[in-house]
Structure formats: structure tokens, C-alpha cells
């Protein structure tokens, strides 16, 4: 009978798949090939270095392409540029390229490639040029190995701005008909890895660049596997299916990871990040400083540290935008020493004082000018972010504000914040180069002006018109700060710094929530020679374990 | 072959597709905000200009429609926001084979299983076997698909380690031939099992039609002829009860397509379902639309193929 | 020696309220070449009787009595053995119009199936025989390739008859064979059956609620009421001089087209509930001549004249 045949066939297929599958996968692919496998949860979106913007993209682009320098808090780690200098009189940076760098197709890497890349980035307004574009006047090729960048204004964070400026081969890209639609599925780069295979939604595989100018890569191939969730990625690490998880976002899983003696969890001090609550200043009552103060007062930051970051974080400074070393000690959190009840009472009192707000009634939503305070909070759909948002939602309920959550991806969140297309409240981590050490580094080199500090804050979306321009007062303050550096007047600068803090505390344009750390995890039984903590620090947000210093240090353990 | 019937069915199928295509055109234009926003909103400005030109988003609605139809017929479904500069067609082209593989495997295994269990249960309606099978089917029907998928993943992949945690194949394995087939099947076992919960629906349909079919006179004739129990059960009763099952497979196919969104996401399976999930998270309208269009096409084609099967199985069809 | 002997046959259906005594102590014999008609209102047990003979009772069972085919006891053999008896020795013609033919197979293949179930014949031989059988019932053999829905009611009924003849049976049970046919077709089919019965020397049990049909077709008549035989005898006797009040009423309800137009009498009341049948005479509640004793005293089937049996406490012969 035909039906029986079909049925038997299907059962055989099912049974075969259960037997054949594990058999086929049980044996190692090739005993002589060493493969490094990393579990990532960010999808790779674009292989075009001009268009790459998501975290997944940057992570992959920085394996293939390299910037001139890797900025690290005013100091910088050399990459394609082995040395550099700034000449104040001509207002120009001179970068000397490494001698023997070459592209993976064998062509030499020259200053012409650097000029081409910068010019193209700035002309097309691509994201890699975003930070530095404002300062750059012209890029000139001095000789094959020297490139000069003339700036319109000195910025101490200029080297940091070049972090994501991936130098591309001119001889390839000048033939590309349309950069905006180029998928670049066979990239030619200068980094330690050669792009080998990309299966959308599954993985990106690299082979080592045997002729890497920077040193010998001891690993034959590397695969970044895309996992559906952090939990699965960490489980894969724990069970030995992958060698590393470059970014651990599910803090609650860390104790389980540590159960295995073969797994090491590291905290990257260089990649501290701040979590802020961004409010849309175009909307009432977000535009009222007193309202923002009350919201800030009601937030239980200790709960966020304990229950959302699982103690992998700390309460941020009142004005995290000012480097710790130069910050004034006098300005601190209102409500820092108060009990939870007292803080909530204080926050309620602040709102009750304004007659536009209805008085607080337990369990009810307040109104502002007759409209109930129902606020939609947009958050990134990552576990820790959601947990933080839940705590804030509970806190808000205690002062009569009804918060609902809307989850979106990281990429769209960045798009919304910088594009001004957001409403009500947006909450996210601000990874905008504002790593703690970056600011601390600036402070150490005190000659550097804190322009960077102010440069960042307005661009994160607050401002009178909500388009990220910053307040008029802030702009004036920026001008003053720049002036103070030129006049070499530390006393005035110190006063201004204090003024920034006082202004910030009064205005609270964005509300700091917590300070987190980038956490990574790897296995000790497959590879050895993991670069020491200090050396891996500061390799940028593009994946410290995957960074070149660590990659060159790693040695496979023969199984 | 009944040609007249076939042509009518084909016409009907084309009409459904036309409606799907037109809806796909209308929905972004009916949404708050402009079609420009929906098609090009999240892209770099330079790219926006190109997209606007390509889809004529600054022209009249009729010109847009003509352009849209031309583009769709050429297979140009626009640019993905989240995967720019990859085209929607490229993304879907990569994902579709996996989804089809999952859905068809699950259907091909589930329908015969539902058939066999339905026949067994319906043959002795009211017996203990029947009650047992009904309890099983009902529980499966009542359990959410994503929950089953999560339990399967947790137990068999995470705890027991029998199956992989993610994906449709071992990443960058270099497997070829039989080895690759084995690898793909190994990865498909849990997602397919999760989708097989639809077994409950098929079994119940089969059982119930079986019960009514058994009351038919031709069953008495067959028994009176001296046919054995199995012959009466399968050749006469089940053969007739199969027809409503085939119809329900078509209807359920839409459900299973919806279920695949959850299942693929949970198993990190690189199919259309995962694409839809990511597109929703990243507000990627062109990709979302493209995925829906493809799902409509797949569903319509499957329903049409089932119609052909039905035509073979039921000689009474005269449209 | 009679070819079929039914002795005190009792068939009950099992319900939650208790057994329904659908056939309750029926005895009769059938000789070779003889035709018996069984008549009665709906629910009197005539179809149950037929099904009991074929051992096709669903939801109930034969709880007592004997059926002998020649000297084989049909009720004592296993169902697998009995399957060999079915159709080869006793076949069943039921209402083709009410779906006695399987709609998804060609009628020819259904006849071929019957042949091949019993006779060791190749497919082509079986088809040849099918063609022969179709000719026998005056149907063009090409019709064997048709599906039931493509044929008229009369044609289907002829094919049913052909199918019943497939294995040269000794007995044919015709159950409401012509009920759904129009009068002209009814007459044709009936004539065909009677001709064939005479020609092939078949024994026939003809079940119908239409007395006129039975009058034409049968040598002997059995009148059943509420699971029991109330009167049995040669057709001429039953029609000419019915003894039982029920038979009289039943015949009274026949319209004689030759006489003046008289609205036939109907029988007031309803047949009894067979869960709890009346203790005495089952017809007593509706009987016009009944006496008090009938309520408690069950009448026995007695031979009132040679070959003519009747069960009544108060008919003329008894009093």
C-alpha cells in the first residue's frame, strides 16, 4: 500500500536523522585545524564597512579592517599608524603608517588608501566619519607611508574618534559603482582574519590571514555563531560548544558559568558604560527640571545594581560626563543617603508642590494638566536592560506615573535616539565612547579639554528642540571651556567644571541610572595564552576577546 | 485530469496572490506616516533618495502602483533597513529553503501520524485506546507551540545535550553529501518535533470523520463482502475519511506557518520566521512585507498542491 | 432440508438505559430457491434480523438462538471463518442510492474486490467476470470503470445486484433494495432480481416496508412487529386472508389503485419502546380487537393452517 510506504519512509527518515545526525557530527572535522568559536547574539547586518553600524557589524568589520589607531582615553594603541604627532601651529595631525602592511589580495597598504577612506567617509556622511568629520578640514598624502590630517579645531579626543574609521583598499572601492548598495560579500582587508563564509542568521567564518603584517596568528579559523539568546550562548560556552562569549549580557547566569572550573569570566574595566534614562524634552512634563528631578529621586539605583546588574555594576557619579579626576567632590546625588521611603516621599512632595500635577493617591495614576501620566518607555530587548526597566517601572508607580515598556532592537534604538524619532522616554546604555577610562584618561592628560565631555552629552538627544543640539547655556559653556584651554587657565577651568556639574545636577537633562561593566567569558581548556587583562583593556567596544592583541597571543591546546 | 477544474483553481490562486500583492502595496501606504518613511525611513539619506526613485515614492499612487507591480514581478521587494544594503529578496532567498524544509518535513510526518492515530481512535470510538489518544491530542492542541519548543530545547539540547542548541546546520562544518544531510536532519529534529504538535489537530479531524464514515452504508457493504478488518478500516473507511484531513492540512498550513515564527526564533533557525522576528524588533518594514508576501505565496501554492492531491483522491470533484 | 434455519434468534442493542430487544425470538426457515419477504414498520427489527444473519450488528449482539446454513452453525464459528461465508454463500444487496457503494472507487473495482476476496483469481480474470456480471444485470460493461456518482440510481442498484452475484452465493439478502428508486426503475430492478433469482435458483430474503413489492417478489412472507414475527405464511395466504390484526391493518394501509379512491387506514399509535416492551402482546396497545388478557399474556406463534403461522391471542381461529 502506497500510504504505508510513505509513512514508513517518513519514520525511517526521522529515525535516521536521530541516529545519523549525532554520528555525523560526533567526529571532529579535521584534527590539524584549530578553530576558535565565539557565541554572539547580535546579528550581522552589513559587511560594507561604510554602512556597518550595528554591534554585530562592528564586531565583524574590526576583524577584517583596521583603523589607524585604537583610541584609549586620550592615549591610543597603534594599529595601522605606528606613530603620530599633532602640530599646533599648522593644526594638523601626521600619521606614519606601518611599513609592511598589505591587503589580503597582496596589494600594499598606502597613505592613498587612508586618504580615500577618510574622504569617502566624510563625503558620504557615513557613520565611521561621524565623530571626526566636524573637525577635519583636509586629508593629504605626504608620501606612501605618511598621511596628514588638517583640522579646524583641536580636540583631545580626536584619536578616539578615529576608532571606527576602518581603512579600506582604494583599488577595490574606487571601482564600486554604488557604495550605498554594495553588499561587499568578499571583503579585502588588512586585519588578522580573512572573511570566508557568511550564512545569514547563522554564522560568519574567518580563515587566518597568513601574511598578517602585525604578527603570526596561531589559530587556523574562527567562527562567530549567532545564538538566539544570551542564555543559549552562555549554555554553549558552559557545555564546551563554543570557546568564548565576547559580551555577557545575562548577568544572572554568571554564577552558573562559574560552576565550571574550565570557564573564566572577566570584567573589562575599560568598557564601563553608563545607563541613562533619556527623556524627550519636547514633551510636557519632560521639559520640567523639577519633574526630572522627582523621577531621578524616585529611582532605586541600589536595586538596579543588585537585581538587574547582579552586582556587576555600581551607582554612577552624579555627573558621569565629567571625568572623575577633575570632578568636583561637592556635587553629589540628592537623596543618596536617604531611606527608600524617604526618597519616594520626597519625590512625591516635589510633584505635589506643582499644582499642574494632581496629588498623589496610592495606586492611582497622577494627571498633569488633566492628562494622566501614562508614559511609554522604549528599551532595548536585552535581559539586563529589561530588568532595569522593570525596576524603574515599579519605582514610577510609587510616585503615580504609569509606565509601559516597549522593546526594540539595539540598532533601531540608536537610530531613534540620534535621529530624534523617539517619544516619551527612551532608556538605554550610552555606549557612545564614554567609557570610564576614556574620560579618566582625558583627565590624566589635563591639558586635554573636556570638550569631548560636552560634545557627547548634547548629541545624545537632549536639548531644547530635541534634535540633539544641546541647550543654549550648554553651548555657551562649551565655548567658555574651549577658551579656557587656549588661555591655559586652570583656575577658570576648575570653576567651569564645577559649574558644569552644578548645572547638570539642576537640569538633569538625562538621568544617570547605573554604571555597568562589559563582561566576557571564555574557556580555559581549548586555548591558552589569553592576553592579560591590562593588555586587552581599551581595545574598543568591538570585542576585547576578539581583539588583535588577544588573537595574536592565543595558542590552541592540542586535544 | 480535470482541466476545467484545474484552470479555475489556478485562476483562483492567482486572484488570491493578486490580493496579497495589492495588500502588500496598500498597507505601508495606509499606515500613519508616509510610504517614504516605511520604505526608506531608517536608511542613510543618500540611500533614501535612491529608494524613493526606485519605488517612485514621490509620484502619484497609480504610478507607484505600476512601479510596484513591475518591481515585484522582477523580484525586487526593496531594501532591508536592518540588513542594509542587502535586498529583501536576498534575505528571503537565503531563509526560504530552511523554512520550507521545516514546514514540509513537519507536515509530511505529522499528517500520516495524525491519519494513523485518527484511524485507530475512530475505529474503536469510545474505547480506552480512543480516550487515551484523544487526551494526548487535546493536550497537544491546548499547549502553546513556543512553550513546547522551549521545553524540547531545554530538555534535549540544554540538559541532555542530544541535539544542538541552535541553527539549521553545524556552522562552517565543511560537511558534504550524506554527512551534511545527517547534520541538517540532526538540527531539524527538535524544531520539527515542536511543529509536529499540530498532530493533535490532524488526529482529531481524522478520528471524527472516521466515526461518521464508519456509519456509511458502503462500510456495511465492505464488511458484508467478507473484507478483513484492516481492509475495511483503511481501504474503505480511512480512504474516505482522508478527504477532510487533506482539506484541513491546507487550512492548518497557515497556522503552522505562524508557528514557525516562534519555533525558528527559539531554535535560532535561519528561516523566514526568524527574519520576521528580527524585522519586527528592528522595525524593518520592507523585510516584514517581503516575508509576509512570501508566506502568502507559499500558503497559496501549498493549498493548490493539496487541491491537486484532493483531485486525485476524490473522483466526485466537479467544479 | 432448508438451506437456512433461524431458531429463536435474539438480537439486542446495548444502551445506557438497558438492552433494546430489537429481534426477540425469531424463527423461520428458507429453502433453496425460495424467496421470503420480511415486512413491517420502521424499527420492527427486520433490518436487524438481516444484519444478524450477516453478523454485522454494531453496538449490540446476537444474544440467543441459532442460525444454521445447511448444517453449519453460523453463530458458533469465529468471525474470521465467518468472513469466508459472507458473500461467497450469503450476500447482501442494500440501498445503492443510500451510499452502499464506496464513492472513491470505480464500481467495477468494487466488484473485483468482492471476487478477489474469496476466489483466487487474477485481476484480469476478475475484471472479465465483472464484465460478465454487469451483462447479466443488463449494464454495459464499460460502466465498470465509472464511479458511483456518475451513475443513475437504477444503474447503481443493478450494479449492487451484480456485486451480490459476484461469488455465486446461495442466499441473497436484499435490504430495502428499491426503496429510494422511482416507481418505473423500481419495477425494472425488481423484475431483474426476480428473473435472476429464478434463473440462478437463488434463495432470497427480501426486506421491505413496501408490501406491494414483496407481494410481487416473494413466495413466502414474514410480518414482523416490535422484534417478533406476528404472522408468517405463503404470500397468497397473507395477502388473501391475513389473520393477524396487525397484518390486516398493514394491508389496509395499502392503496389499491383498482378500487375506488379510498384514503387508506393508518394504524393509530406508535410501535412500542423496545427497551421496555409490553409484557403481553406487543401490539395490544394499538390493537382494536384486543382483550384484557392480551395485556399480560404473550401470544405464541402457532400454525393456524399448514404453512401459515400467526401469533395472536384473540384472532378468530383462536377464539
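Should a chain be cited, it is by its letter among A, B and C, assigned in written order, with residues numbered from 1 in that chain.
By our rule, contacts are C-beta pairs under 8 Å (C-beta built on N, C-alpha and C of every residue); 3 or more make two chains touch, one makes a residue touch a chain.
The model shown is predicted, which means the values in this text are computed figures rather than measured ones.
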{"item": "Chain contact graph, described as a line, ring, star, complete graph or other shape", "value": "line"}
{"item": "Chain pair with the higher count of C-beta pairs in contact (A-B, B-C)", "value": "A-B"}
{"item": "Centre distance in Å when chain A and chain C are each reduced to the mean of their C-alpha atoms", "value": "89"}
{"item": "Inter-chain centre distance, chain B versus chain C - centres from mean C-alpha coordinates, in Å", "value": "52"}
{"item": "Rounded Å distance between chain A and chain B, as computed from the means of their C-alpha atoms", "value": "38"}
{"item": "Parts of chain B lying in touch with chain C, wherever the complex brings them together", "value": "216-218, 220-228, 236, 239-240, 313-316"}
{"item": "Chain B to chain A touching residues, read off their complex", "value": "42, 44-47, 50, 79, 82-86, 90-91, 94-95, 105, 108-109, 112-113, 115-116, 153, 158, 161-175, 178-179, 181-183, 185-189, 192, 234, 265-268, 270, 274-275, 278, 281-283"}
{"item": "Residues of chain C touching chain B in the complex", "value": "51, 54, 56, 83-88, 91-92, 94-95, 98-104, 106, 110, 113-114, 117-118, 147, 149, 163"}
{"item": "Complex contact set, residues of chain A against chain B", "value": "1, 3, 6-7, 10-11, 13-14, 16-18, 20-25, 29-30, 35, 37, 43, 45-46, 48, 51, 54, 124-126, 178, 180-183, 196-197, 199-203, 205, 221, 223, 225-228, 232, 235-236, 239, 241, 381, 407-409, 411-412, 415"}
